[in-house]
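You will see chain A twice below: alongside chain B first, and alongside chain C after that.
And now, the complex of A and B:
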């Protein structure tokens, strides 16, 4: 998956209407709440086969921080 | 299997929640967690009161004569001691020459209750076991904890089990992983950390307010636990009963929240048409969700006599369990 496709899917998942970039801070959005984080846990497990603990999830702020947590090697250039 | 459920009168709707939490969308709550309304116990209505009410609707005079064991599952007892089941025996006017005790389990409670009842009956210790689940989690929740207030509702359920019923409850798979004890907890109020009337409110990373006298749930960690544990649990219970998912007519999981259930269903590859999801009007009633679902399915004809139904509960502890029954 490319970063471009990922950011589109992420926006849809989190129900954020803006276009997301790597610099977008998810915590700036009211939509990024505990229900959305639940969706994110499922999405990351399904798409990348990865699970993060609550501490790691709390540290996510920008889209880039999420990409780094998932691992840049998981994305196509 | 005779089964009845009870839901308290007061209702908390998503619209009611949106009045307190304007940023919380009723549509999103319904879409994501699959809940529109929950029933809330009255301020003077306890789990014991609800247990009594549900048993009054379940039991005939003859049943009261033959019951020789009472098992009551609750994490909201009236008192530290005595065990609520003793008071239930008295209030139901059951015989005194019977066994009765509470056991403290949450979302796995119904499965464990069935396993205990089966053991009691097979060993000849009892012949007719009254198994009651009654829970008032909403009393444990901070009024400004929008997450938990959206998820949990109160309720009670009771089943009467005899040797014929027990012969239709097949093999169990049970599990415990106490490493997750801190992820679903009421920190204060026990003897490790006493109830503190001056407990300080704090806001978690998701902007949810509570203090240590209240219920705390770390949602992502609980989700991670279910992703790890539940597929293995289902594989094991199928193996212990020498069957595959194709041999099962219907599957009822503890109704935790819709999103998690849909994800687990897809992960385990359970066909959508044989998987129960309905917590729209009740919310997550902890140990009561599976018996509510069973009653609904039996009354609505979703499951019929002779059907094989897989039941699985998982949550606080962590504690989990599954079995297969023939209805």
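And now, the complex of A and C:
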């Protein structure tokens, strides 16, 4: 998956209408709440096979920090 | 049997699912302390053996079985027929998961439903057939959850499986009374088990503190649930069937 596809899917998952970039701070959006974080846990596990918990995902802020947590090697260039 | 005694469950053979950890393991230990023979059922042979060694007395056994494979359950129990009559069944096995609606996955839900609900029905069907039970009847207990009563954000899958358990409890209680089988359900709030630890470890600390504050007498211990199981399995509760007993430390009051 490319970063571009990932940001589109992430916006859809979090129900954020803006286009997301690596610099976007997810914590600026009220949509990034505890329920969205739980959805993100399930999405990351299903898409990348990596299991994080809500506490870990609550610590990231930008899309880039999420990409780093998942691991840049998981994305196509 | 009118009152509590140290031989309350003597000669009773009790089948317990999810017996290798948490509430199931605690129930097994508690019932064995009062003289029961336990059939521990679980997936993990090593942990099941550890649980077996923690029991009091003798005459216990294990059955290694993956309850998601519902069609295999009957074969796993076949050796009990006409040899080791069962007088109690406690269904503790269960999968818990927090997953909001937008992440719902029907295949994952089917696995959870099989473990939490369908296996309970199949186990009940098998052991209630001719040749498996004590002649004097039996008592079945299903471990549900208060989330099946009140619901919980992000728990639609788990709460619907747990609500199913107390719905089927009532139907089974009506259907099985003719065989002198009582069927009841226990709905605890947060019990301090390995499952509980994985939930609280994943949540932000303030969320954990807010959940704990709603437990007016603190989080529930596995032994609290085990003590209620003992009562429901024993003849002390001989007039109780079709009930869903809440043990929640006041959690549902607020």
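As a convention for this text, the second predicted complex is superposed on the first by the 74 of 77 C-alpha atoms of A that agree within 3 Å, B and C clash if a C-alpha of one lies under 4 Å from a C-alpha of the other, contacts with A are read in each partner's own complex, and residues count from 1 in each chain.
The criterion applied here is as follows: a contact is a pair of C-beta atoms (placed from the backbone, for glycine too) under 8 Å apart; a residue touches a chain by one contact, two chains touch by 3 or more.
In this text, all values refer to a predicted model and were calculated from it rather than measured experimentally.
Of the two partner chains placed by superposition, chain B and chain C are both touched by A:58.
Judged by the touch definition given at the top, the superposed model places A:13 against chain C, while chain B stays out of reach. By the touch criterion defined above, A:25 reaches neither chain B nor chain C. After overlaying the two complexes on the shared chain, residue contacts for A:4 are found with neither chain B nor chain C. Counting contacts as defined above, chain A residues 15, 34-35, 38-39, 41-42, 46, 53-54, 58 meet chain B in one complex and chain C in the other. Looking at the complex, you find that chain A touches chain C at residues 13, 15, 34-36, 38-39, 41-43, 46, 53-55, 58. On the side of chain B, the complex with chain A involves touching residues 23-24, 28-29, 32-33, 147, 183, 205-208, 218-221, 223-224, 227-228, 257, 259-260, 263, 266-267. The touching residues of chain C, when paired with chain A in their complex, are 98-100, 102-103, 105, 153-154, 201-204, 207.
Taken in their complex, chain A has these residues touching chain B: 15, 30, 33-35, 37-39, 41-42, 45-46, 51-54, 57-58.
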